[in-house]
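Below: the structure, in structure tokens.
A, B, C and D are the chain letters, set down in written order, and residue numbers restart from 1 in every chain.
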Amino acid sequence: MLSSSYRDIRKYTEDLCRPLQTEDYVVQPIVDVSPPKWHLGHTTWFFETFILKDHLDGYQVFNENFNYVFNSYYESVGARVIRTNRGNLSRPTVQEVYQYRQYVDLAMEEIFKDADLAGEICDLLLIGLNHEQQHQELLLTDIKYILGHNPLFPPYEAQIPLKKPEPKGDQAGVLTISEGLYEIGYKGKEFCFDNELNNHFVFLKDFSISRGLISNGEYLEFINAGGYSNFKFWHSEGWEWAKNQYNPAPLYWHKIDGEWFNYTLTGLKPLDLEETLCHINFYEAHAFAEWRGKRLPTEFEWEVAADQLQWGERWEWTESAYLPYPGYKKADGAIGEYNGKFMVNQMVLRGASVATPKNHSRKTYRNFFHPDLKWQFTGIRLAE
Amino acid sequence: MLSSSYRDIRKYTEDLCRPLQTEDYVVQPIVDVSPPKWHLGHTTWFFETFILKDHLDGYQVFNENFNYVFNSYYESVGARVIRTNRGNLSRPTVQEVYQYRQYVDLAMEEIFKDADLAGEICDLLLIGLNHEQQHQELLLTDIKYILGHNPLFPPYEAQIPLKKPEPKGDQAGVLTISEGLYEIGYKGKEFCFDNELNNHFVFLKDFSISRGLISNGEYLEFINAGGYSNFKFWHSEGWEWAKNQYNPAPLYWHKIDGEWFNYTLTGLKPLDLEETLCHINFYEAHAFAEWRGKRLPTEFEWEVAADQLQWGERWEWTESAYLPYPGYKKADGAIGEYNGKFMVNQMVLRGASVATPKNHSRKTYRNFFHPDLKWQFTGIRLAE
Amino acid sequence: MLSSSYRDIRKYTEDLCRPLQTEDYVVQPIVDVSPPKWHLGHTTWFFETFILKDHLDGYQVFNENFNYVFNSYYESVGARVIRTNRGNLSRPTVQEVYQYRQYVDLAMEEIFKDADLAGEICDLLLIGLNHEQQHQELLLTDIKYILGHNPLFPPYEAQIPLKKPEPKGDQAGVLTISEGLYEIGYKGKEFCFDNELNNHFVFLKDFSISRGLISNGEYLEFINAGGYSNFKFWHSEGWEWAKNQYNPAPLYWHKIDGEWFNYTLTGLKPLDLEETLCHINFYEAHAFAEWRGKRLPTEFEWEVAADQLQWGERWEWTESAYLPYPGYKKADGAIGEYNGKFMVNQMVLRGASVATPKNHSRKTYRNFFHPDLKWQFTGIRLAE
Amino acid sequence: MLSSSYRDIRKYTEDLCRPLQTEDYVVQPIVDVSPPKWHLGHTTWFFETFILKDHLDGYQVFNENFNYVFNSYYESVGARVIRTNRGNLSRPTVQEVYQYRQYVDLAMEEIFKDADLAGEICDLLLIGLNHEQQHQELLLTDIKYILGHNPLFPPYEAQIPLKKPEPKGDQAGVLTISEGLYEIGYKGKEFCFDNELNNHFVFLKDFSISRGLISNGEYLEFINAGGYSNFKFWHSEGWEWAKNQYNPAPLYWHKIDGEWFNYTLTGLKPLDLEETLCHINFYEAHAFAEWRGKRLPTEFEWEVAADQLQWGERWEWTESAYLPYPGYKKADGAIGEYNGKFMVNQMVLRGASVATPKNHSRKTYRNFFHPDLKWQFTGIRLAE
């Protein structure tokens, strides 16, 4: 039932914010990290703009000016009169944003009263819910960034909120897959994003792929072996990036008096070498693989191997650029701005992470980020 | 009595923040504007660092890490381990900052119990209180910037909190002063800043100076006459600045559907042409004067004329660069970083503004800002 | 015979520079454009560094400091003591650079005296010659940029030096290719770059591809239809790029008093609408295709169709990112820095251009540039 | 006779360029350094634009487009159609620029034929000649920068072209001047710049000023004492500058294998400790003075002491900002852009340097540069 999904997902977003102080909702330490209150408002604005305004008779928008505040990147929807940055906006207050959520949720209940939801509304609802789930993950990554870049290193919660996926067989060794034609892309009947279509064939050569992900300890060997100061492991642009790093290490690692610490959602802790590596960017993932004499898998290899792998702990960088599948079509209107316009200069990540909402990912899901970004829960799986 | 001044001034700072929402304390929309909670903490840190730590036996600092958060620019006091920007810090929370104030205020009462305050402590207290009063003005200018750059244009208070100085004679016409040797700089026995010393002689030629300040209406004439698009009124660097303006007008002026509006602390209002002009930078003040075929006064002319002028509504740009007076000496230690190290590339403003705390200014007071900054309550008085 | 190829290619490089004035050899108007004398020196340095120093007994380098001047991006070869930009270097003079070429060419003749060139030397020679041919094309593109961005618009030569490829059948309509497994990558026995390997299979769906390239006239329609001011045709990053353009049009197009002109190697001319479009970047190519309701071909589609197309007039942007082929291996040592380290954030171009030296390209050749660059002789072929 | 001054000065400019290679005329390694051919053309354009076009009947400009190329910063004179940087312009060639000089010089001879030169023309001529002399000094400083930032360190001339001023008494110790009213500014009948006017009185306290300038050896002590890494000697902005320096030392000093070298116009030489310090900026001069417990003189102190000092070897930084004198008036028209529009954010230097043309300076001459610039022949004289 879409209506109960709606209620569950909307509630879970607010649950994620429960440990926050009001002040934590407001700041934007880097451009990629949005203030939590913006996530709360923006996901709400999505339902208001694409469903309520067009499909609920007599709907009055909560506040005409919120469009300037909570539109993300939809060029089709409204001009902005003041040049703003999200992190500069103290208003609307957190309380007003929660009132906005409540107002929109009440109006959405009117929509749900219609036993027979039009197909168009269902489609928009599905996108809206998946969109909000994407922002749930971003909420966690952004909260981690905000708290983890504060000199007081406040924890998010004392109890760790993130669960690893169920163990699935042995994590040692590699899986070998034979050359052949494989089907790629979504072909089920549930929701998927437009970038997972069309389902199509890809020819792959023999390859092997690791069953396990790289650990903190393994990555520390790379650091200790001078991995950040030897250009030959790096892309040219990666090397420029690496040379300019103040603290060349995974995000949240700090060397204090000769010992490595790691900021986690439960606070600053001594680095756990057994733990799965997290928070490296594509340049680092690629350089690490080169140092090991291996490579990253392509997104196609990953998808073909996925059923035999344990995945879901980290978004796994692939060697694939984010490009359209054959026959890819953007949707019409503002919804069409969702994925296609980002298909340049970004790399694909596959899988899911401990921060991904339950049931939000699938093996055909294509996540994507610029190669220099590392604040997501990213990791490394090797191939050859 | 210093102790009662201390209490009054400390309380007034908090009074100024009363109309704020928690979120308003946190943001830093541009580098020059600090979050209100930072002002609250920094002024407190000043007393803790320079008085309590050195002069109160057994004093325990409130939180060792606050030095990273609330030090402003005192290079002598502590290293920073994470690169932070004030506006990225959600913690300490506003409530914690108020607790910090309370904690320090209580400890200060211990200091005051000593009937016979050492001269050194009195000196530090005086600086600390004057410092906090400077931040009171900055609090208002920064709050105005934060609220006035929000697309919702929230007012600070419904009732105007700022009072103009008492009217003093006719504001029309000019005052003429004859050539001669004049004494400049502070020579009283009360507190003054080091930059007001030494008292010395300056020789001035005949000059005249306007009794009144330029109004919004007069400045609008400059705009309508194309003042922002004619290079010849501008300094070369001012012209570069002007060409890059998105909205070439005083700060907070917005042209909406052909009509001029002005954001004030009581909200967005139609522009009042009779009102005294506010929020222009040195480049604009200079260009306006050139357009009128006049000039700005020097800081020496201003000081000599001050007793015969009504001043205190706007900080008045002068044609004087911020430089040391003859015989100027920096104090030793961190306190010595107060003024001297800024004596390059800034222009002097004289007077006071509606945002200046009562009794905080005097005719020898030297305020200073970079020539491109306009978020202070600045105005124009012409001379020739 | 490699020795005669060497002589021909080396001579042709100098022939290309014959129309230049000494001053034209020196400047570097943007970072992507190198001074012609740098190309002359760098290609020479390549032979000196990788062949003569290692393989000619008793070889004395021409000038020890030239390594700082003529190394391009080979991190393995020498540190730099002064931070230099190529376009800031007046020395060595053009004459000294020609002396350097002569000195190295004489030493290379010693190498050629060995009837039985070692395989390793042959490999390096082949790379060196292909490398110099790549720089021949860059010489023309860079010279065009240097002269075409001079307010005097000097021509390079009165007679057009560039020849179009032989006409091959009708250029109208589209070619249709059926779904299937196709072989991609070089498999001949002549020279190819490492990025053309390994030869492998790719599965393609049915597609059609235009026989002809887009003309200036067709692109002008896009401009006149507001193509540069409608975000919906553009990638998000392309739109950011487009909004910041001073002159949104192909490079070298200037609108003067309402009429379009085009700077060509023979000087500034009225825009020829029949001429094949040139000098657009990937963002523009993609936006144009979107506007037409089509798309750019992938590099694989292009390669499969190539034998049935007339190509060679423009480097054709594809929708493919520059990535390693399956089984790609970098060579060892400095030569290994040639291609692999650029395999991120760049797009593949296929074909060749009027500026490409004869016999330098082939259908498997993979050219690559960042999506915002447009000073190469680039064009658009549509697919769907 | 103005006509013979014209011929001498114009010839001397060309003499200064005689040691250059064609390539040296073209480059612009930083924005402050202009290509020598630009100086040659710009000084010529000045006579063409302000004298020949207005005052020689039937004068045909040499090339209409040269205005885009050789105008410096005169906003009143012509728009630019292509955004150019001087160092990107290979054309006009050096030879064409010399032809331009010859053409204009011939036309100027027509002007001189008029026995009775109009006062207005004489005024423009005087400015034009003083302007060209200013550019003669810039030619030397810019040539030094161009050659001294080349990894081959080519000398300008084997024989040192710069002559120190005649020794004048003992250079040890200080000169003491008593408090009093002193006259400042030019009051002779020869040429002076508008910024030296009006002649006016300044009241000075007692001060002392060093007879000699700081030597390389003295400055090296400052470096070795950690002067560049102790914030307390620096202005706040100076400290930001200092922290970002790649090679914190006077310009042209290089530490190679533990020994200091100094690039001079005769080539790279071991640092001469006895030599007068050169090429430091205002921040460095100020920090050095602070380290010594002294200060820089004001421009007024300098002028009052000048007759009793030996000066002319280095432009001497003063503690004075570049501001208008009382009663300063800009000239009308483009000539009025000469000085006044730079009167913000710059510091005054007094004296002259070994690179200053003979008889070009006088004790009232006010040179000015931004506080971070150091490519002029600048030095330090202390006061207290």
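We adopt the following convention: a residue touches a chain if its C-beta (ideal position, glycine included) is under 8 Å from a C-beta of that chain, and two chains touch if they have at least 3 such contacts.
Please read all numbers here as calculations on a predicted model, not as lab measurements.
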If you take the chains that touch subunit A and keep only those that also touch subunit D, what is left?
B, C
Most remote chain w.r.t. Subunit B, using mean C-alpha positions, is C
So what's the Cα centroid distance for subunit A and subunit C, whole Å?
37
As a quick test, compute the distance in whole Å between the mean CA positions of subunit B and subunit C.
57
Whole-Å gap between the CA centroids of subunit C and subunit D
44
Contacts with two or more other chains occur in subunit D at residues none
All pairs of touching chains, please: list them by chain label.
A-B, A-C, B-D, C-D
Which of the residues in subunit C come into contact with subunit D in the complex?
21-29, 37, 63, 65, 68-69, 80-85, 87-94, 146-147, 149-152, 154, 246, 254, 256
Help me check something: in the complex, which residues belonging to subunit C touch subunit A?
73, 75-76, 181, 200-205, 207, 231-232, 234-239, 282-283, 286, 295, 319-321, 323-324, 326-327, 336-337, 341-345, 347, 371
